[in-house]
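Before anything else, here is the set of structures, which you'll find just below.
In the two complexes that follow, subunit A is the common piece, with subunit B as its partner first and subunit C second.
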Partner chain A sequence: MLFNSLQYLVFLPTVFLLFWIIPQRLRVPLLLVSSYVFYMSWRPIYGLLILGLTLGNFFLVPFIARSTKHKKLWVGIVVALNLITLGVFKYANFAAGTVTDCFNFFGLTVRQPHLHIILPLGISFFVFEFIHYAVEVYRGKPVVTSLPAFALFASFFPTQIAGPIKRYQDFIPQLGYPGKFKWEYLDQGMQLILMGLFKKVIIADNLALVAQAGFSHPESFSAVDLWLITYAFAFQIFFDFAGYTDIARGSAMLFGYKVPINFNLPYLAANVADFWHRWHISLSTWLRDYLFIPLGGSRGTRSQTYRNLFITMALGGLWHGAAMHFLVWGAYQGILLIAHREYGRALEAAGVAERLLKSKIYHALSVVFTFHLVCIGWVFFRADTIAAANQMVLKMLTAPAELLHFSLRQLAVLQIRDPLIFPALLLILPVLMISQPIVNWLNGKRFYQSPPWAVQVGVMVALMCLLTVFSPDTSPRFIYFQF
Partner chain B sequence: MVPAKSASAAADERSLGNACRVGARSASAGAPARGPDLIEQLISSRFVFAAVAFALVCAMAATVSFARAPAWQVRDKTWAGWAVRDFLTGDERPQVVFLGSSLVLVPVATVDANFLGRRLDGSQHHRSYYFEHGIERRTGSSIRSFILALPGQMPSDAYLITDYLLDGKKTPPVLVYGVGPRDFMDNLLPSPASTDLFRCLSRFGDISGMLDRVMPDWVDRFNYRLGRCVYLYGMKEELSCRAGQALCRLLDRLLPVPPGVTPYTVAHRREILPGYQMGGLEAGEAFFRPHGKDELTFADNIAEYRKRYSTVRWDTFTTQMRFFAELLDVARQRGIHVVVVSMPITEINRSLIAGYAWDAYRNSIHVLATVKGASFLDLDGSGAFKQSDFMDTVHLHSGGGKKMLDMLADRLAADSALRPARPGKRQPEM
Partner chain C sequence: MVTERQNPDGDAGAQPGWRLHPSAFVVGVVLFALVNAYLSFFTPVHFDRFNFPYRGWAWWALNDLRRSPDVHNVALLGSSLTISAISSCDANYLGRPLDLTSYHRATYLDHRLRTTFGGMFNTYDLALPGAMPSDAYFSLRAMVNCAHRPDVVIYGVAPRDFLDSTLSSPLDTEAFRYFRRLVNLDDVSRALFRTPMAKINWWLERQVYLYGNALDFQLKFGDWSNRVLARILPRPASRPAFTFWDRERLLPGYKPAELCPGSVIISPADQATCSKGFKNNTREYQDRYRSPDLHTYRTQLYFLKQLLQFCRKERIELIVVNMPISFYNTTLMAPGEYPRFVQHVRTACFEHGVTYYDLAEFDQYRWSDYHDSVHLNPFGGKKFVDRLVDYLAADRQVSQAMALAGKELERYVMASSNRNGTL
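== the complex of A and B ==
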């Protein structure tokens, strides 16, 4: 069941109404049943997977808390069980393919076994939540004693498929709050849902056409076109995932629950480290807490820290998908983070760091430069293979030479008049780019934080009209569903 | 890479412990406000106010019929859109209308391409010149034909065409309906309402009475009902089409195609965006071409038809057969003489269909045609067609098509039902 489907348009209001009508003691069971209905509407059999993992973690993690001598062993067992499940369902085909490729590389002809494994939706997200729970209990946090509450933590339908990755200490206490309905839940929740749908259906789905054409046929486009297409993908993935997160947060808000934010104007980041503070925040904090820090974090030598950074980001890349180009994307992010640290050290050594960081021009240039570095990374993320990504990046690097004798005749996007999003890119991309600093500026203004009542109503009515008219009959799945 | 510590670190562990026993908490704390309080809060809710305002906008738009246009004016660039628009905007009443799927369209149009000696644009070519010529040659009277046979057409689509379009001034005396087994047992079709043709034709009338049959999935029915209740949603095709046209004009002014550069052709766009508007058809995109005997090749489409016939879905079969029967009823009520043509297919294709399904299909169309007063022309059982008459396992090529149209013209020339359809004057060539 997709958030932008008619099924969800029936499902969500039904659960919402039931939730606030029934006695409070039945609400967690209601949400639990609803969440399983939501999950099993895709492939009923995979309901057993999430149920099995829930029961396994619920009954095994208390052993971590109780054990005095074998805490590490127990946490190792629980984490391993979760990772093995993830590995089997997500990486088995990839591993088989990689091993086969290795054999073939050495001249041993081996046929890749075809494993009929379908990736369960959301497995990467709920497995990470289970691991977080086990590690936190290992670190001394209390265990959850209510099975329904724990089961709901993992299966809560708004965040079940693509996060945000929740923390049980934040989520589970909310289930016990005295639940009196407040109209602000409805107002805030629906605002977020409408805004999320707008981001997904109106912006991301249209930009998706550009990315699809450009990344599957880079040879048909000039270097400048390819940059425009990469910008389009950068905004597509942002609005797709940010839209999903808004809908997830809005849906949770309808029940009075808060789930963490995932984005904070990521394309205004002034460096790559800043970007990861702003992009997919729930994942980056998870990677920090449960991978980077256990690996040693920044506590060791410089080279050890860099090693830890690189491993964290490379594995973070692989988490996005079982394919080499995701691994390369992650490794690229790791290298950028290391390079950023080295650059910072060099500036400090030269004694110019403070002066430069205060300069607005330097800051603006840093934002532009970081955005372009991130965009190059997106090419590896979106391309089907590393070879295709390399081909595209190499062509994009010739853009400066192309710009020297640039004419509009070179732009293929102007020659494609249907779909209209291609020529419209030249208008839309500047608007999307400028909107980021404007929103950043507005965020500091009081009238933007709590706009007048009439403005809020007007925006909601406008969004309803736009979504009603321009929602397509079929919409592509959210990009992060595949992870 | 190291974001600020999340709020989780500061979580109140005691409240967590309590919350973990949430199942044991007492009930009823969450009852919403009642009475005047509730109404006051309801009115002050921004979302409720916005929803009411949105409903008012829809009601006002419905009152003034905002953006409503005749169904044929909607710019629907599909096979159906072009044909229906041409049919309704043409001045003349055709004497013979062809219905059916590509089994009918392909041979009829390719015969014309050979007959006229030039390629024919699929979006524009809606007459059978060869057939008209054949009738004139046999009877001395000229007639006008119109091809409403369209790719993928099912009996449910043919029924809508008959019911919504073949009426009043556009009622033809004769309807030639070519059917094949695929029309009644296509596994790849989710529901009758899922074809482009049905979507296009459903704008011309009210399909509420047949919803259960054409939309077995509740989501489709809900979507349809939503469109009937929420005016803007029901008009979204028209509105998004108009918005697209306005945006197109704006872009042509602000960002025109640079001089000396040719815009992408449909074929080129299809290469880079194969999934975009798959059912669409632009002018100049698909042509029926003349070809000699040497150029004919046989294409293997067995895999496709194996999927279509893999399991017999009796619900699809009975639904489509019911539409077929209703089509014959509607035609009879309007005085249209129907000639049901059992279209020939190859032995290879027939072998993919289960024996009992084949028998059910054959018997049903024959019995229904007879009972409903239609003529039945059994080309499939005639033994006149060999595999060499086909371009793949089901579609006749121009040679086979010529044979088919000759047999049809022979039959119609001798058929008394066609007599009122012969005004006597020859129609001008295209």
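== the complex of A and C ==
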């Protein structure tokens, strides 16, 4: 069931009404049943997978807490079971393909076995939640004693398919709060849902057409066109995922629950480390807490720290999908983070004036530079193969030469009039780019944080009208569903 | 419903000076309903229902019909089987390639009807690839709505139109999406909207003006954006134009079955060329016949009956023809499926007093008459038209109806010519 579907438009209000009508003790079971209905509406059989993992973790993790001698062994078993499940469903074909390629490279002809495994939706997200739970219990946090609460933690339908990746210490206590309906839940929840749908349906889905054409046929576009297409993809993936997160947070808010935010104006990051503090926050903090720190974090030597950073980011890339280009994207992020640290050290060693580093011009240039580095990364993320990404990046690097004698007439996107989004890019992209610092500025204003009631109503009516008119019959799935 | 505005971190009413406000969302929903009510009562925006962003077969067929000043006394309905037989026969008869986005005639059939029944015949070919009886029903109703009521309709049916397992619902076809804009669906909505979601969607389309007319608003917005962009960012004249074919290459999934002039050309062909171009479509039809949905079958039978009733109500002479397909193709169906289909169609026609001809005469056609196992080539097409006209001529009642239709059109054309002073 997609958030941007008619099914969800029926499902969510039904669950919402039932939730607030029935006695409080029945609310968690109601949400649990609803979450399984939500999940099984896609492929009923995979309901067993999430149920099996829930039961496995619920009954095994207390052994970690109880054991005094074999804590490490138990946590190893639980984490391994979760990772094996993820590996079988997500990486089996990729691993078979890689092994076959290796054999073929050494001249041994081996046919790749094709395993007919369909990736269960959301597996990467709920497996990470289970691992977080096991590791936190290992670190001394309390175990969850209520099976329905634990099952709901993993299967809660707003966050089930594409996060945000929750922390059980934050989520499970909320289930026990005495719940009394407040109109704020409805208002704030619906605001988030409408805004999320706007981001997904109106912005991301339209930009998707540009990315689809550009990334499948880079040879048809000039270097400047390819930069525009890459910017379009950068905003597509941001609005797609941020839209999903808004809908997830809004849906949870309708029941009075809070789930973590995932984005904080990532394209205003002044460096790559800052970018990862603002992009997919629930994943980057998970990677920090359960991969980077266990690997040793920044405690060892410089080279050990860099190795840990690189491994964390490369595996983080592979988490997004079982393909080499995701691995390369992750490795690229790792290299950027290492380069950023080295750059910081070099500046420090050269004694560059603090005033210069804190100047607004330096900050603005850093933001622009970081955005472009991130965009180059997106090429590897979006391209179907590494070869295609290389071809595209190499062409994009010739843009400065092209810009020397540039005229608008050279742009292929101006030539295309159906879909209209191609020429409209020249108007939309600047608006989207400028909107980021404007929202940043507005974030500090009381007017924006809690707008007047009439403005709230006006925005809601406008969004309802826009979404009713511009929701296509068939909206593509959210990008992060595939992960 | 009344709540107090509150500090996000505080409790309602915790701070003095906060005013009472109804829920912003509830008020928003009420205002949204009022906007819709206003739009449905006063209809301040006018739409062209024939406008459609997706120019598929149905759009081209109806667009040409709408613009045609001619009167058509015969209409052809059916699927690609009908188009293939009639158009490839015409390409050979006329000796020139035909662009099927703009060619919707049946010249050889008109010639045969004129020589057999006298008078004048002007046939409009409304057959659409992949069309099922539901599409045939809606296309005829759209034709009548366009003030082009034919006197005679010849409808070619084939088992695929009822049994296609690759299409699950009448709502899935490209033709339906266009015709639903032109035809009132109220009387057949129960058969069309089968799942609870489809029913809810249909209900919303009728109750929420903005939702029901979303496509029209999108088209208006598209036109406006196009004009604005043409002014701000005109298309560079120096570069070669971006064509339909360029778009097909860049975005194959965007409007996948859209056509443009020149995209479907049927050329004259000799026997050797036809034999060389023969295509084995066994796999395709195995997939189509693999798991026919009984509900879909019944739904399409229901729409066939609707078509029969509609023709009777409109006093249109309807002739249902079982189209020739190869015997081999019928063996791809489950045993007994084909005779059952023929029996059901024949019975439906009999019950409604409609003429039915079984032209799937396996002994009459050879492999050399086919493009593949179901589509007739120019030679098979000519044979089909000849057999059809022979059947029409042999049936006294139909023969009289045809003769009357021919005379009516002739009289009309002469009267029009007299009025215009061209005679």
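Odds and ends about this structure:
Criterion: the second predicted complex is superposed on the first by the 482 of 483 C-alpha atoms of A that agree within 3 Å, B and C clash if a C-alpha of one lies under 4 Å from a C-alpha of the other, contacts with A are read in each partner's own complex, and residues count from 1 in each chain.
One rule holds in what follows: a residue touches a chain if its C-beta (ideal position, glycine included) is under 8 Å from a C-beta of that chain, and two chains touch if they have at least 3 such contacts.
All figures in this text were calculated on a predicted structure; none of them were measured in a lab.
On the shared subunit subunit A, the superposed partners subunit B and subunit C overlap sterically. In the overlay built on the shared chain, the residue A:Gln415 is in contact with subunit B and with subunit C.
Touch counts on subunit A: comparing subunit C and subunit B, the chain ahead is B. Contacts of A:Gln112 after superposition on the shared chain: neither subunit B nor subunit C is touched. In the superposed model, A:Thr100 lies in contact with neither subunit B nor subunit C. In the superposition on chain A, A:Thr285 makes contact with subunit B only, not with subunit C. Of the two partner chains, neither subunit B nor subunit C is touched by A:Ser41. Contacts of A:Ser450 after superposition on the shared chain: subunit C is touched, whereas subunit B is not.
In the superposition on chain A, A:Asn390 contacts neither subunit B nor subunit C. Common to the subunit B-facing and subunit C-facing surfaces of subunit A are residues 6-7, 10, 183, 186-187, 190-191, 209, 212-213, 216-217, 220, 408-409, 411-412, 414-420, 423-424, 426-427, 453, 456-457, 460-461, 464-465, 468-471. Of all residues in subunit B, those touching subunit A in their complex are 1-4, 6-8, 11-13, 15-33, 41-42, 44-51, 53-54, 57, 219, 222-223, 226, 230, 232-233, 235-236, 239-240, 243-244, 247-248, 251, 254-255, 257-258, 260-264, 268-269, 271-273, 275-276, 282. Residues 6-7, 10, 182-184, 186-187, 190-191, 209, 212-213, 216-217, 220, 408-412, 414-420, 423-424, 426-427, 449-450, 453, 456-457, 460-461, 464-465, 468-471 of subunit A touch subunit C in their complex.
Taken in their complex, subunit C has these residues touching subunit A: 1, 3, 5-8, 12, 21, 23-29, 31-32, 35, 197, 200-201, 204, 208, 210-211, 214, 217-218, 221-222, 225-226, 229, 232-233, 235-236, 238-239, 241-242, 246-247, 249-251, 253-254. Note for the complex: subunit A touches subunit B at residues 5-7, 10, 20, 23-29, 141-146, 148-150, 167-170, 172-176, 178-181, 183, 186-187, 190-191, 209, 212-213, 216-217, 220, 260, 273, 276-277, 281, 284-285, 287-288, 292, 298, 309, 312-313, 337, 407-409, 411-412, 414-420, 423-424, 426-427, 453, 456-457, 460-461, 464-465, 468-471.
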